[in-house]
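These notes are about the structure you will find just below.
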Amino acid sequence: MESKPQLLKLLDGITLVLFVVATAMVFFYAPTEAVMGQVQRVFYFHVAAGWVGMLSFLTAALAGIAYLRSGRRSWDIVGLSAVEVGIAFIFINIVTGSIWARPIWNTWWTWDPRLTTATIMELIYAAYLLLRQGIDDPDRRARFGAVYAIVGFVSVPLTFFSARLFRTIHPVVIGTNQPGAEGQFDMTPKMVQTFVFSLITFTFIFADILWRRVRLGRLAERVEQLKLEVVQ
Amino acid sequence: MIEVRKLTKRFGHKTVLRGLDFHVERGEFVALLGPNGAGKTTFLRILASLTRPTLGEVRIAGYLLPSQAGAVRRRMGVVSHLPLLYGDLTAEENLRFYGRMYGVPDLESRIRQVLDLVGLAHRRRDLVRAYSRGMQQRLAIGRAVLHDPDILFFDEPHTGLDQDASQMLDTVLREVASQGRTVVMTSHDLVRSAGLASRFDVLSRGVITASARREVMPMEDLLTFYRQAIQAA
Amino acid sequence: MKTDAPLATAEPRALQPPLSFAFLRALWAVIWKDLAAELRSRELLSAMLVFALLVILIFNFALELDMRTRATVTSGVLWVTFAFAGTLGLNRAWAMEKDRGCLDGLLLAPVDRSVIYFGKAIGNLVFMLVVAAIVLPVYSVLYNTNLFMPGLLLVIVLGSIGYVAVGTLLSSMAVQTRTRDVLLPILLFPVAIPVLIAAVKSSGGFLQGLEMAEIWPWLNLLGAYDVIFIAVAFMVFDFVVEE
């Protein structure tokens, strides 16, 4: 079988280093936020995880388009991998969002447009997996997955706008008339640096995990192929 | 009329057709025989442009499938073992629907013509739901020839029919095939096919393993011919 | 990876220019067929209607719709009802084709694939509007509210169009899976949320007599959704039906 490519090994190394540094920055380099205190540190990885979620969704949609146009199975594997990665990171995004919300607004959930959209995205991802699960023919599974990834992706901006419009016209009753309601705060330069560094780190994590997942998918395909060759 | 070169069809990793070659002249009636799972239905669906090939070339009347399928669909008629009819509509309404989809000129008189051809004129106002299986198949043939196609594909049309219904079907099939049309019919039934076809091809394990014209194939030899062919793959 | 044949039939769309006579005739044929078949069997409509009325009944007990809360809650109740009844109709529409193999019959016809999509979608739209046409007076009578405002009717049309545009596409996929009936709501609802929110908000706005300035953004969102998803569905539908 193919052994792990050199580039991937290198990527693994870089990603690990970046992650350690980012964590250190979040805890030691970035200052404590005046109003929210220590819990605000969740923000760095919270947004970064959300960013990876969006990136995954975009990747899945683009892979879907690529599959429909070319018919090459590798695009389908990329799409599926991107969705799986996305599910994990959006989940992290939602949970860290909850953790952040709790001490500050004394609630586990705010119907914040971003959080709401993230949850709906997660549901679309889950639906994608359920759709694939219900189809036996691999070609049809790939085609339908591609179509749904595209449809899902197109719906997300619209969902975000509608959630945001909902909020501006009908603000949620629970304690959001405070200025920090949307989680806004001013960022000092050190915070900005930590924030950007987190984004970069998570982008590397995304690439690394996606690559590994795609490799796994390719190997699984190869196994299926070999199984059938033995039978026939 | 029909040119197939190195046709391969895969579903995922499963290969159903392997580099199949097939050639039909205008006016031939080919009975495509073979055991279950040989790929007959898949092959017919590819010819009818309902499924696309994985590899290889398929040309119908010179048009390349699937890229030029749109141009040649008008000239094809298909009868599968499912009736492709709407049970909640009458026979007439079914034909009218398909007539509109195909842009058949003089639709009303053509409908009457076709109903006469398949012997269902007296039941034209009945819902297809109330038809017997045999009547549905005959109406299905009517639907298939409504737009006067010169190429016909039949996928095991005798499935589920009793003796009488089969015989009536054969009459219609003969009538329809006699008008110079090119026909490919898949079948399990050697004897029935013998009465209709001008040529026998055997599809076994994804390739055509034998082909013989009816003139040179006496009835008694047909079974042996078939048995040998399915073991040849 | 071996290269498989490209997926979309590369038939230039120009082969059958949209809005040509043949296209419209075939489109009409598909719509007429669905409406006529439904008129005879009434399976779809009766299921949708009974379901819708039951949902409203359940809401009555679940929400205790008294005079005051009713105004704000009515639009929500209506749209939840339409959404659920809608999924019934969407699934049945394709099931009818698939079960008798009729989809092949449609695919064999020398017409652009989009005829099938638009024909089905318009048929579904008609069914949804028929259900709405019956639910509205029933609701009005049960709760002594007048629901017949032009604004509300406009929202029902726009919202139904968006819902049906996506729903027809997604149900064409759902019907080809093993988990057919369960899958459609799972696929459809997350993606239809913008329509539902916008429809609820704008209907609510009209019912409460709000200023147009407050309702416009929602109507715009509805319109945008309709256009975007009709376009997406049109572009992608071929890949769903062609093997």
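By letter and in written order, the chains are A, B and C; residue numbering begins at 1 in each of them.
The definition used in the following text is that a contact is a pair of C-beta atoms (placed from the backbone, for glycine too) under 8 Å apart; a residue touches a chain by one contact, two chains touch by 3 or more.
The shown structure was predicted, so the numbers you read here are calculated from the model rather than taken from an experiment.
J.: Sort the other chains by how far their Cα centres are from that of chain A and give me the top one.
T.: B
J.: Of the chains present, which has its C-alpha mean closest to the combined C-alpha mean?
T.: Central chain is C.
J.: With chain centres defined as C-alpha means, what is the inter-centre distance between chain A and chain B in Å?
T.: Averaging C-alpha atoms per chain gives centres 51 Å apart.
J.: On a C-alpha centroid basis, what's the spacing between chain A and chain C, in Å?
T.: Centre-to-centre distance between chain A and chain C: 30 Å.
J.: Could you put a whole-Å number on the gap between the CA centroids of chain B and chain C?
T.: 37
J.: Two or more other chains in contact with one residue: find those residues in chain A.
T.: In chain A, the residues touching two or more other chains are 139.
J.: Give me the residue numbers in chain C that touch at least two other chains, ranges are fine.
T.: In chain C, 4-5, 7, 243 touch at least two other chains.
J.: Under the stated contact criterion, what part of chain B meets chain C in this complex?
T.: Those in contact with chain C are residues 10, 45, 48-55, 66-71, 73-74, 76, 78, 80, 82-89, 93, 97-98, 100-103, 127, 143.
J.: Can you list the chain A residues touching chain C in their complex?
T.: 67-74, 120, 123-124, 126-127, 130-131, 133-136, 139-140, 143-144, 146-148, 150-152, 154-155, 158-159, 161-163, 165-166, 169
J.: Once bound in the complex, which stretches of chain A touch chain B?
T.: Chain A reaches chain B through residues 137-139, 224-225, 228, 232.
J.: So in the complex, which bits of chain C are touching chain A?
T.: Residues 1, 3-8, 166, 169-170, 173-174, 176-180, 183, 186-187, 189-194, 197-198, 201, 214, 217-218, 221, 224-225, 228-229, 232-233, 236, 239-240, 243 of chain C touch chain A in their complex.
J.: Show which residues of chain C lie in contact with chain B when the two form their complex.
T.: 4-5, 7, 9-11, 15-16, 22, 25-26, 28-30, 32-33, 36-38, 40-41, 96, 100-102, 104-111, 242-243
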